[in-house]
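Across the two complexes that follow, chain A remains constant while its partner is chain B and subsequently chain C.
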Partner chain A sequence: MSTTAPATPTPVVSTDPVRSAPSDGATRRAVVIAVLVVALVGLTLASAGFGAVALSPTTVLDGLLGGAQSFIVQQYRMPRIGVAVLAGAMLALAGVFLQSAVRNVLASPDVVGVTKGAGLGAMVATVLTPPAVLWLAVPLGVVAGAALVTVLLLGIAKIVGSRGATLALVGIAIAALAGAAIQYLMVVYPSYADQAMVWLAGSVYGSTPNDVVFLAIWATCCVPLIIVCASRLDLAAFDDDTQGSLGVAPASNRALFVVTAVVLSAGAVVAVGGIGFLGLLAPHLARLLVGARARWLVPAAALLGAALLVLADLTGRIIALPNEIPAGIVAAIAGGPYLLFLLLREARRHG
Partner chain B sequence: MDDTTSAPLIEARSLTVGYRAGAAILEDVDLQIPPGKITAFIGANGSGKSTLLRTLGNALEPLGGQVLLDGLDLRHVPRRRIARAVSMLPQQPVAPEGITVRGLSEFGRHPHRGFLSRQTSQDRDIVERSLAAAGLQELADRPLDTLSGGQRQRAWISMSLAQDTPVMLLDEPTTYLDIAHQLEVLDLLADLNTNRGTTVVMVIHDLNHAAHFAHHVVALHDGRVHAAGSPRDVLTEQLVQDVFGVGSVVLDHPVTSAPLCLPVPRTAHAGAASTGVIDTLAGREVSTP
Partner chain C sequence: MPRTVHDRPRHVGAVAVIVGGALASVVVGLLSLGIGPTGISWSDSLTALLSDEPSRLRSLVIDVRLPRAVLAALVGASLAVAGLLAQALTRNPLASPQTFGINAGAAVAIVLATIAFPSLGALGTVAALIGAGTVGALMWFLSTTGAVTVVGLALAGMTVQIVLSALVQAILIMNNSTQDIVFWLAGSVTGADWSDVAVLAPATAAGCAVALLGARSFALLTLDAFTAASLGQHPARVAGAAAVIVVVLAGAAVAVAGPIGFIGLIVPHIARRLVGARFLTQLLACIALGPLLLLAADVLARLVAFPTETPAGIVTALLGAPVFLILAIRARRA
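Presenting the complex of A and B:
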């Protein structure tokens, strides 16, 4: 641990982030956050440069300012990067809050079916409403789908308990159902198949500047919720009685977390569809890097979520040229084994 | 913390407590917690001690009746205001992962802070004083989960201290601690009561601890308050028989002269001689069966 840290956030810290003295702990965490910011900027530039047409960093910067390659950079690559950054951060934060609300690290919106429910809502809205009102119908459908799945999930959790893998299994079952429903609609309405694929797997392909604006507005509207939730996140880690003793109402806190998680996931799904595992991966990695205190966890998780989705998109774009693999599939390939690892660890802990 | 006389009064009025409607654990409880005193709840397992304490601390809604804080129904007092008057330490509290002792203590300031406002120097002062009062200065930067049971309990109490409430409720604060640590925690509470006039209400299993540390003892049995009063009045052989179904001998503690309750196991009655010794000690005639 004494050697100088390399420029990536991955190293050494995993030993035990908690045991270090708090004075240098704050500095160390601040450094981690700074490194994540740098990594995100670096990934953004790389993502704007790589692809079917490779651009050098100077060309990218030039293109941003309206230079020779401004069309590719401004109309094609920056929108998908912008969408990836926002959606990634939103899914990660949704994961942080949902996990806190049900006290279960496996409860991320993508594992427990919230994003699939949102996708189903979007699909139903797409199929049922005339194209002219889709701009309104899809977001409404997404929110309704996400909310419905969440209510169903929490209802079942009340009966079977929300500990460990049980809740994850219930969620996976619900997600499978919602996924099957999307596929059914895909077969019945083949003209919407392309769109359905996005709701199912998640992709930032074809994002337009308008998508970025839409998502930015959605994210901005969530900021007050995020701030309130973040300010209560540490308290929510206490048992209910202690929270009560400190003047907090644990039940209404949890409800607020759930609502925030649903709204955040819904916004992300409208823009990028059902990207898997991001809400699971980003908060967990963030916890390993900076610990569980909200002051560090919330920014770290958002940055990691953004960086991971940009990375997934970038990987998908360059790994199988000239084809593109949707970011959601890349995320699933990386995230699936991670979920297995967490499930095994849960099983060992409670076995 | 200077005016001990203004400690708020907690009262229960025809209070029914329990976890589900129709499954009351205690019914029709009328109770006044004497301000500025130490009160102990005693009773068998499942007699409703914790449930009553949690209801008084607003962690549980009454199934019927009221809990009054200075005459106001708790249901109509904002949670934060309650939290500035009453703190409650549950039996097995759970803290955020990786938190340090000082970090835990700082959470005690939560009800005194506004939304998103940072820690003031006054907050910091109170936290440091709370850590000192709990004898934790040296351990302040240690993560809570590296401490021993007794140290951890003191850390939780330091959080309650930082909350700076005139009333502290504690659910079995000495469970899982060895004798030395039990006394350490109880002495700390007694000091707080003497020095700050803090009203302390605790659920406690050890009758002798109740006798020694409490001014007021409430015995719960059979879904109601069986007896309440001074340790001397409440802790009788008859009560131990009625409430716990255990025979006992109550003596005077040779040093403190508080009532000292010695349970007599049924299997040990053979030693007639020793019963005789106890009866002699207790100043009674020895009856020979």
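Presenting the complex of A and C:
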């Protein structure tokens, strides 16, 4: 009996958590997590230091505490990073739970169209409601959009089965439809085009302290869900019969995972739009680094998601000075080849 | 898939579809001359078209609206034929210039080329052909390895398409050309002029002519190489010719109209449904129905948000993505 999820792409890593000495594996994983934390802090300082006014790490720390450059640091740089960290972590966790729920390594919210659907929901809410109630309408719109796409996807999964590439292709078709609808609304309501561009491509540009607060509240509300899901993630890797004999109700577990994934990705989309392939990449990398056990996988995926989005944003800001490439575009260019790699490896294995 | 036997009523029906489609294309094309932000009645625009007297009205119809309609027709035919050949070549019902990333490959190449050499002009088509050819060769190689499933190949193609579209956006942002993003993402025939037609027309004519002349050979692409060889074919050569036609048609269409999506995917399926399994009739039906669909999409694109114009590529994506969805579901069940 294997403890690695069937969703795991490789017959992962030499360190089987059960067979290897527990302390040994735990130490290694703890070190990996610690390295990820350090990397995230380092990226944060680098990202906060980089910009039209270059700041040294000490100046950044000083600015955080209200020093000389506190305006730049607190009003411009940190909100952007805060949003990237939170949204990246949320998208990565959404990927972990959705992949587990449908037992398909390709089923991340950005591949199967959930984030595009959420973006469309946001756009529809924006153009239909008066500006005064947007603060309420947009979050409702994203959740509705993400939920609608997910229900559609799961309905189709009933017909075609949820394994393999078909579900991903179906999701990409849904994403193409939602993307075209966003582009259509962009053309019809040009005054919202800038905002629509964010939902279409994904960007952390122009994040304000309010965005961080909003996202932090959303993420905090998700914490109980995340904890419950994480506690059930290991058992969800077993097949349904085994889960049943272990006293778990697999169907309700899956529903919980899906709901959590939808709420997490919807929150991220409100702030940054869909970041291409982040929800695919982060869980896979995390699994390679720490294995599939939830207690390591969940924090590692969240840290990786945060770090990758900060990195994508930093790259996008550096690469085309004085212009900025939206983080979502950087992520799509970097993450897409990984999806191709997964497909080809899968093909070679079966071919 | 080609059957040697086809019944007569079906044959008559196929002729009706082809002739009817061609006539309908002409009618929609003429109708489209009367639609636009400058309010000209349809009869006025036709009169202007037929009269010799130079007038403001006449130049509007002749120099703005007519080239647009002609270009839409050419792009529609090119993409539809390219889609049909791509589907035969890879034996994949989900194949098309767009779903296999060929359109996006052409778009990246042409955007890069225009930025590197701003005075490139019509030579940008060459860049488009190189871009389309590169992606086309990659996808063809993947399909011939036989290891990738029908759905896997389509997924790989869509991934290539997404990555290359992101690359197009990044390149345009780097060069302060964000106003062009929607054109290079969705494609459009807005602002077409006769020089665009002059670029595309030879490619469309040549591509369709070769496809028609070689229809008997291309029909055998859907068979496996062994059977085709035993029927006196040189499968590799035929496949190579088909691949070149796909690249030329798609590349040239993208060069003038941007990566208009889904026409190349859905028209061959509509044609197959309407005219049955014979490859030559399918090809003719694609040449008749491709223009009809894109002209109709362009008319719709002008009307849905009047007087604002929607790029035709957005309309084709809105219509085509659900069809793609259904095809993806069916590909699995088959």
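General remarks:
The rule is short, and it goes like this: the second predicted complex is superposed on the first by the 325 of 351 C-alpha atoms of A that agree within 3 Å, B and C clash if a C-alpha of one lies under 4 Å from a C-alpha of the other, contacts with A are read in each partner's own complex, and residues count from 1 in each chain.
The rule is short, and it goes like this: a contact is a pair of C-beta atoms (placed from the backbone, for glycine too) under 8 Å apart; a residue touches a chain by one contact, two chains touch by 3 or more.
Remember, it's a predicted structure, so these values are computed and weren't measured experimentally.
Of the two partner chains, neither chain B nor chain C is touched by A:A34. In the superposed model, A:L339 makes contact with chain C only, not with chain B.
By the touch criterion defined above, A:A255 reaches neither chain B nor chain C. By the document's definition of touching, neither partner reaches A:V53: not chain B, not chain C.
With both structures placed on the common chain, the touch criterion links A:L65 to neither chain B nor chain C. In the superposition on chain A, contact is made by A:G291 with chain B only, not with chain C. Of the two partner chains placed around the shared chain by superposition, chain B is the only one that A:T242 touches, whereas chain C remains out of contact. No residue of chain A is contacted both by chain B in one complex and by chain C in the other. Contact residues of chain C toward chain A in the complex are 94, 142, 145-149, 151-152, 154-156, 158-160, 162-163, 166-167, 169-170, 173-174, 176, 181-182, 185-186, 261, 304-305, 308-311, 314-315, 317-318, 321-322, 324-325, 328-329, 331-333. Interface of chain A with chain C (complex): residues 106, 156, 159-161, 164-166, 168-170, 172-174, 176-177, 179-181, 183-184, 186-188, 190, 197, 201, 276, 319-320, 323-326, 328-330, 332-333, 336-337, 339-340, 343-344, 346-348, 350-351.
Listed in rising order, the residues of chain B touching chain A in the complex are 54, 57-59, 79-84, 86-90, 92-100, 102-103, 107-108, 110-111, 115-116, 141, 143, 146, 160, 163. Those residues of chain A lying in contact with chain B across their complex are 17-19, 21-22, 227, 231, 234-235, 237-242, 244-249, 291-293.
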